[in-house]
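Consider the two complexes below, in which chain A is the common component and chain B and chain C are the respective partners.
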Partner chain A sequence: MPSGWSLIRLGTILVYLFMFAPVAVVVLLSFNSSQFGSFPMEGVSFRWFVELWNNDAIVRAFQTSLVLGALTSVISTTLGVLGSLAMVRYSFPGKNLIATALIAPILVPEVVLAVALLLFLGALGQPKSFVLLLAGHVIFTLPFVVLVVQARLVGVRREYEEAAMSLGAGPVQTFFQVTLPLILPAVLAGGLFAFTISFDDITGTLFWKPGGVETVPTQIFAMLRNSISPEINALGTVMIVMTVALPLLGAAAARRLSRGRGGG
Partner chain B sequence: MASLDPQEKPLRPWALLSPALTAILLLLVIPVCFIAVYSFWLRTATGADIAGFHLDNWAEVLGDAFYRDILGFTIWIAFATTVICALVGYIPAYFIAMTQFRHKAYLLLLLMLPFWISYIIRTMSWINILGTSGVVNVGLQWLGLTDEPIQMLYNQWTVIIGLVHFLLPFMILNVYVSLYAIDRNLIDAARSLGSTPWQAFTEVTLPLSLPGLAAGSLLCFVLAAGTYITPLVLGGPTDAMFANLVFDAIITQLNWPLGSALSLVLLALLGVLVAVYNRFAGMGQIAKSFG
Partner chain C sequence: MTEATTHAVTLQKVVKRYGDFTAVHQTDLGIEDGSFLTLLGPSGCGKTTTLRMIAGLTSITEGDILIKGTRVNDLPIHKRNLGIVFQNYALFPHKTVQENVAFGLKYRKVSADEARRRVGEALELVQLPQTADRFPSQLSGGQQQRIALARAIVIQPDVLLLDEPLSALDANLREDMRVELKRIQHSLGITTVFVTHDQSEALAMSDRIVVMSAGHVEQVGSPEEVYNRPSSEFVARFLGASNILEARIVSADRTGAKVETQGLGTFQAAIDQDETRRFAEGQKVKLSIRAEKLALTATGKGAAEVASGDAPDIARFDGRVTTVDYQGQVARYFLEAGGHQLQAINTIDEHPLSEGEAVSVGVRARDVVVLPQ
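Coming up: the complex of A and B.
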């Protein structure tokens, strides 16, 4: 290898440091026992996590985010899987246009999507509500689900479905007994993706959320207005653990599932 | 078999698509058309809307130098972010694609992690690094290089740092996808025909990785130009970007028709970029990185 290669390796290490050092500092400082959320560390303690647990506003924000994320994930995955099946398994006129339509919500800047949805429902006399927030999250996560599920679906062979049908299974029976188990890893991946995006979203959420309702990201944002506190770092650590550990567990589970079924 | 034949069940794909398409129509297409109409309405001081065809909002948005300056500033921030992401992101993408390192799957996995770590947390994490009691200031004082903390935060450069930190994985992943697909024999051929490693890179590898570079750049530019959170968290009072204007008009001033016109300007700017990209490259390149 030429010596240029060692420079490339060094550069790579530096870029990874740039990406992860700030996050590592958040985790580190969340265990700081000092009153201020900064260096030098005075000692290791869990007091900020205890304080999070006792902070009603934060616990409520967590509940909101979890419920919102779960509902978004279920709805978005259902719509996305049905749509992806149509896109991967059938050919029909206008398919290219439909493909663009399905990813349109990420081609439009999120701010514009947020404004359009808010004002349109506002003009229909709908005040800001949890339903608006949910609708926004569903439309925004849908393209990601479609892209992930389609990518996985292409690898699922259709001979199994054809075999089931030729043996007399109806389309619905075939879907639940053959197709769904085969594409389950894709469905789970899509659902998890939708959940995480919804759980993290702030750009649209700040427009859509009704007064008094906070999700975890908007709660963090509101707390930042004062100053950075160890509590924010602790909250950040909890979120990092949730959003990183959950997908990793999910991926491991999906791999085990698909291995158990010998395909997918 | 028969029922999978598209000729026999022409309606089935539409039945499968109808829930998703209905959602997109009702929650995206019609609302965007609606704000296009709404931008010609007027908001009176009392808060009532006057329907009709008034050009006032558009005259204000397109004529006022205030809005034009902020649009220019937004383009500058997004451009700088994209260029830095391309320069900085190419290195690890190249390394991961070309390395013989046994654990390169883990390097890729690590690259995916930032996608899962909340945007707001990654943005605010820079306050811990660059703030007056952040890592850098504490370090400088400990080394005796400075006596007082230096104010490094809350300017356009910290906005750019925050955006680069947020968008770099998008760039690396897209460049990696196109670098990985390059046939190594082409590079070997160039080398055996007498080109230097640098020549082989600039004349073979780099041109072949341009699709990934273009896809990554599009994503970085569009996402950077549409942000309002990063300037609020890491920018100073004069670092407002175009999306901040939209947010202020809609949420703070409650001037919805004006906010509609402002959103449409942002949509037009980024829409033109996406359309040009789609004309020359096609959206398939971006979809590849989801595979």
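Coming up: the complex of A and C.
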């Protein structure tokens, strides 16, 4: 008779299967040499990855996604660090309101946010553009950066900065010499977050993207409307590698960084 | 030379308020060049606030602060040339000892060679020359504190500010560091402001002590002055163990005052010449007598005999030991005399007095301090 524990184990395995089996199928099928994206697999090949590489639309979407993700990440992180500094280190009127406003984009449903930004742009009489798309992604990723960086900054005692200033470092020098190095792991994590969120966002992107511009998710979405091509499996595999491997790499780098500094 | 220029730091009518709450009431203070000044007082009395105002880390509500005769109210901290040592060291965890100590030199026009030499000297001075390549997390608490000190003095600051720098260390280390710190301060001749709530630290290290209470300066003086001639009941109680008695002035002249207590008879009390004016006949006052200034003698020996050997300025009264707190070299006695609970600390020769023993208590006029009511 199976004991309670083995039942739980069985349940856990089933849940994981349910969650990851589809992903595994996508990855597996991306290496299928058959024309049709279904089992049984006929043989292993990199054919679909090569096709991907030769598909101009996909390569363009990829470039767009990379540029968009990178810019979003840099802008969000910069703004997020500045915002966190203001929230943690200074007190000023209306601080609570601003703190809420910074986090709000997480709480508001993405569709609402997307429409709101679009309406706002309409009111200004501007056409959709890449800048709008970028702005949308920045607004949407900023809260994640702020939350991560703020949490870290709270743990960095004021005395470090006061000590630096007493030794002659101005506020800017103090930031780059002391504050930034101490919050660097959180800054990197925030930046990676922003990148991966931007990289696989579809809801907002569908609303904001100007005509003719596709990101990887909207490209897949468009391709799905015609047929389920094995190319999509290959593309899915590439995206999984990007969004899973990148944060892992980042975490490893951050760990290395803090070890190198004797921070243990 | 004017007064202000012989002072490294001057506080003029300085006030600090947080909203309605006054953390530091109007304070005037001059800190002599090269001296070691301690701000001493119980928790929350405004020591840190005062120190931070000098440092420029806290804004001042009213008044002026002068460093080397220059008004610095609006000068930001990084332009004040001060060395600060924090209670928790605040060494930069991502920099090596070498980089930590050299930090302040980056913002002063010092060549790389010169910087290396000065960092080396500073590390010698705090006796940790071999730690240059380590990170702060690889040092003990005491070592971190020394490095923090080295980092603060290597820039040759005009004033060294220390906020309870020893309180995070364990008792033995604290005493070593106390001596060490004083040695370094003395050898550099650097003006130092030291904050502590530990009276023994203050007494051992300071040239001058500022005793603070609830945002007020209670007394400023040398360790001996504040210990032996407290100017208020607060100071008398805060430093060491004191007996405080209610009394009335019978007469006061240039040499001293005659005071009458309830239950213990009349005493001669020493007062300074300029204090004579402060006390009028019949005025109610308080007396402060240090526990170690009450000399106990067992009355079994014969009271008359004891008294006959006394100098003329010694007053005597009878009492009874209620509790003995034996401490080896000395004993602390709690006694009952004339309806008062008193304590006395006496060195022990042969045997301590025992509980319940009747004693004769002698006290010299110069050890009786008259305090205003």
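Remarks
Just so we're on the same page, the second predicted complex is superposed on the first by the 250 of 264 C-alpha atoms of A that agree within 3 Å, B and C clash if a C-alpha of one lies under 4 Å from a C-alpha of the other, contacts with A are read in each partner's own complex, and residues count from 1 in each chain.
Here is the rule we use: contacts are C-beta pairs under 8 Å (C-beta built on N, C-alpha and C of every residue); 3 or more make two chains touch, one makes a residue touch a chain.
A quick note: this is a predicted structure, and the numbers were derived from the prediction, not measured.
Touch criterion met: A:R157 reaches chain C, while chain B stays clear of it.
When the shared chain is aligned, no partner comes close enough to touch A:G250: not chain B, not chain C. In the superposition on chain A, contact is made by A:I232 with chain B only, not with chain C. In the superposition on chain A, contact is made by A:S166 with both chain B and chain C.
Of the two partner chains placed by the overlay, only chain C lies in contact with A:P181; chain B stays clear of it. When both complexes are overlaid on chain A, the residue A:G190 reaches neither chain B nor chain C.
Of the two partner chains placed by superposition, A:G69 touches none, neither chain B nor chain C.
Annotation for chain A, partner touching more residues between chain B and chain C: B. Once chain A of one complex is fitted onto chain A of the other, the partner contacts of A:F18 are limited to chain B, with no touch recorded for chain C.
In the superposition on chain A, the residues of chain A contacted by chain B and by chain C overlap at 162, 165-166, 171. Of all residues in chain A, those touching chain B in their complex are 2, 4, 8-9, 11-12, 15-16, 18-23, 25-26, 29, 36-40, 78-80, 82-83, 85-87, 89-92, 98-105, 107-113, 115-123, 135-136, 138-139, 142, 144, 146-148, 150-151, 158, 161-162, 165-166, 171, 196, 199-200, 202-203, 206-207, 216-217, 220-221, 224, 228, 232-233, 236, 239-240, 243-244, 247.
Here chain B touches chain A in the complex through residues 1-4, 6, 10, 12-14, 16-17, 19-21, 23-24, 27-32, 34-35, 38, 88-89, 91-92, 94-96, 110, 113-114, 116-122, 124-129, 131, 133-135, 138, 165, 168-169, 172, 197-198, 222, 225-229, 232-233, 243, 246-247, 250-251, 256, 259-260, 263-264, 266-267, 270-271, 274, 283, 287, 290-291, going by the rule given at the top. In the complex of the two chains, the chain A residues touching chain C come out as 157, 159-160, 162-171, 173-174, 177-178, 181-182, 261-264. Of all the residues in chain C, the ones that touch chain A in their complex are 55, 57, 76-84, 86, 88, 90-94, 96, 103-104, 106-108, 134-138, 151-152, 155.
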